[in-house]
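What follows is chain A paired twice: with chain B in the first complex and chain C in the second.
Right after this comes the complex of A and B.
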């Protein structure tokens, strides 16, 4: 029974032709947690990691099928279920944070995504964002329609942008050099080097590229 | 971030248990643990250990650093040092809370351990407060926070990043003609949201 579990888990990783990510299930879950925390603390929407999410979800459903076949008197069944719940929490929290950001910054996100070649939104998220934008427009138009010709602030040109200067805690996975820290008073910019394994509190603006590349992670 | 979420992350840490049952290995997605032999110690994640203990199927062995003498040493080090010393475990608060919560009978001198860990926490917290005081007074824009565990960093959220954000805004404030002082408008036509996540 347990050898089958192992086989099934390995097969799912190997047979996935679309993902050129070859990692063990343990590494996959570790990466999922990292993405979760990055998305949680970053002020802007990060590039989507739909492949990782799909892999994790397929792992969960494979494990769920397995758990059903186990005899329910076996107390170890509880552990499989517990682990499934833990992983599912991480995935849902990650997706919820992304949706929250899309909803708050809907105009900004859609505009940025058009200009970017590699979209930060996955297809499902794109559809959600478009529909949400239309619903918002309809709602505002209906709400202000009570008196024609009433001047109101054009909300569509007045975006809500995420605050790129907000401060984040980060941990360096490899040595980074030349992070620019804006001291805010004129052109007094400082350049900081960060050693691998050290932790820093710093403005998000200077490190956003490195986080997206993966040299740093938020904590 | 809630303290419970920090606990969630800390629960993945491995801890030693002595199971009172025998069974073959458990193949979790995150790794295989086992086989379990009654009486032989084995390392499992903290959440597995707590669960087994609650079902009364194992005894938990305290980690090496969780005894009074080691903790006393750490506490003295922390008192004497001006910077933060490296803690024996990245999630010492989580482990102490979970293990002493469910397995205080397995851990010798549990109450003393609890007091010492609380003392260490208080010392580190007061160091943190004074260094934040310095950080804000000197209008520094970044800080190294090595050797701080996640629980301690989390205790400063959302206050510290938000405060630094306000300092930065005050530094870069450029009054526009005809702008309201409320909306802190920059020269582009867009509204910047305040820190959005804790």
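Right after this comes the complex of A and C.
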């Protein structure tokens, strides 16, 4: 199945989409799946991978054009269409998970993004987040400002934060040293070395940087 | 007892977990009145306390604190009520698209209708901005597609349906069709077609 896909995809010219990223289509789809699963299981919003999403979307439209040229009676066409649908599902699911996280933690996400140099939100997502925040604020102000002089509950200052201590399954892609496992109470923090290829269940807080760098992946 | 009506409000939401009950304006206005009463009483007592504290040792501080806690609790319940209704409304938007069915619309307050239209338009703008041409509709493919064609049965008389490859199909009530998934998904969500397993 993958060879057939590669056949169809290699009919497309995709050499200079992005100057820095050169991947075969199979690698691209694998990377897309990896960031999809990472986003699904991570409790907080991960940095956006807008270039990969754009590349995959252009691949999908190129594949669709190719499939149109096949004769309709050819039943391989069904398989290609199914493959296109499944790849499209991965992309939309990735974007939907991000939107969901943005909506739940909107104040936290916007504040963190201001403080960080490399934004985790793409520009379109930033616009969406700002508009959503305004709509929420207006709605809640409408609901609570029914009498002058009420104690300001100040829901805006108590953010809804993602739970950084939730546990995640992960798999190591390369050797990692010095991961701090925080026991929580007291100061008996362990330092663990993780070997390449091993799988473990660990609290998200210690490994969040490594996931963003790409040495570990969630499963 | 303070906060009882607020508790009733939350209980009403809890009873209708996934659907939106009508916006309970009477209960909300009762809670508003209770809060206003508490606030005014608090303000009077706060003023009294200032003067009389210098003369006698009368302090109304514990009473003030109790009333303040009750006011805060009422406001929290109001906020929780609104927030959970918004959550429900968002799920409805993802299911039904940007046009609200009239039964749902009857249950919403004006502010919620405004919020819905704003949310809908910002969502549409986001979706239009993702892909290069025309954008990607994120509301399709909510579950991973398992097969290309699905068997559907028509629930209501829909009339003519134009497929993407040009052919037209007459959808009468209780007619069964074997159609590609992309065509049917929208209609299944609207309730016109029904997926037959």
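One rule holds for everything that comes next: the second predicted complex is superposed on the first by the 199 of 219 C-alpha atoms of A that agree within 3 Å, B and C clash if a C-alpha of one lies under 4 Å from a C-alpha of the other, contacts with A are read in each partner's own complex, and residues count from 1 in each chain.
One rule holds for everything that comes next: a contact is a pair of C-beta atoms (placed from the backbone, for glycine too) under 8 Å apart; a residue touches a chain by one contact, two chains touch by 3 or more.
Just so we're clear, the structure is a prediction, and the values are computed from it rather than from any experiment.
Put chain B and chain C next to each other and count what each touches on chain A; the higher total goes to B. In the overlay built on the shared chain, the residue A:110 is in contact with neither chain B nor chain C. Touch criterion met: A:82 reaches chain B and chain C at once.
In the superposed pair of complexes, A:131 makes contact with chain C only, with no contact to chain B. Within the superposed three-chain model, A:70 lies out of touch with both chain B and chain C [touch as defined at top].
In the superposition on chain A, A:162 makes contact with chain B only, while chain C stays out of contact range. The interface of chain A with chain B overlaps its interface with chain C at residues 78, 82, 86, 89.
The residues of chain A lying in touch with chain C in their complex are 53-54, 57-58, 61, 72, 78, 81-82, 85-86, 88-89, 91-93, 95-96, 99, 103, 124-125, 127-128, 131-132, 134-136, 138-140, 142-144, 146-147, 149-151, 153, 155. If you check the complex, the residues on chain C that touch chain A are 32, 35-36, 39, 43, 68, 71-72, 75-76, 78-79, 82-83, 86, 90, 111-112, 114-115, 118-119, 122-123, 125-126, 129-133, 136, 138, 140-141, 144-145, 147-149, 165, 180-182.
Within the complex, the chain A residues that touch chain B are 2, 5-6, 9, 25-26, 29, 33, 40-41, 43, 59-60, 63, 75-76, 78-80, 82-83, 86-87, 89, 97, 101, 104-105, 108, 157-163, 165-169, 181-185, 190, 192, 198-203, 219. Considering their complex, residues 1, 8-9, 23-31, 47-48, 51, 55, 57, 139, 141-148, 150, 153, 160-162, 164-165, 168-169, 171-172, 189-197 of chain B touch chain A.
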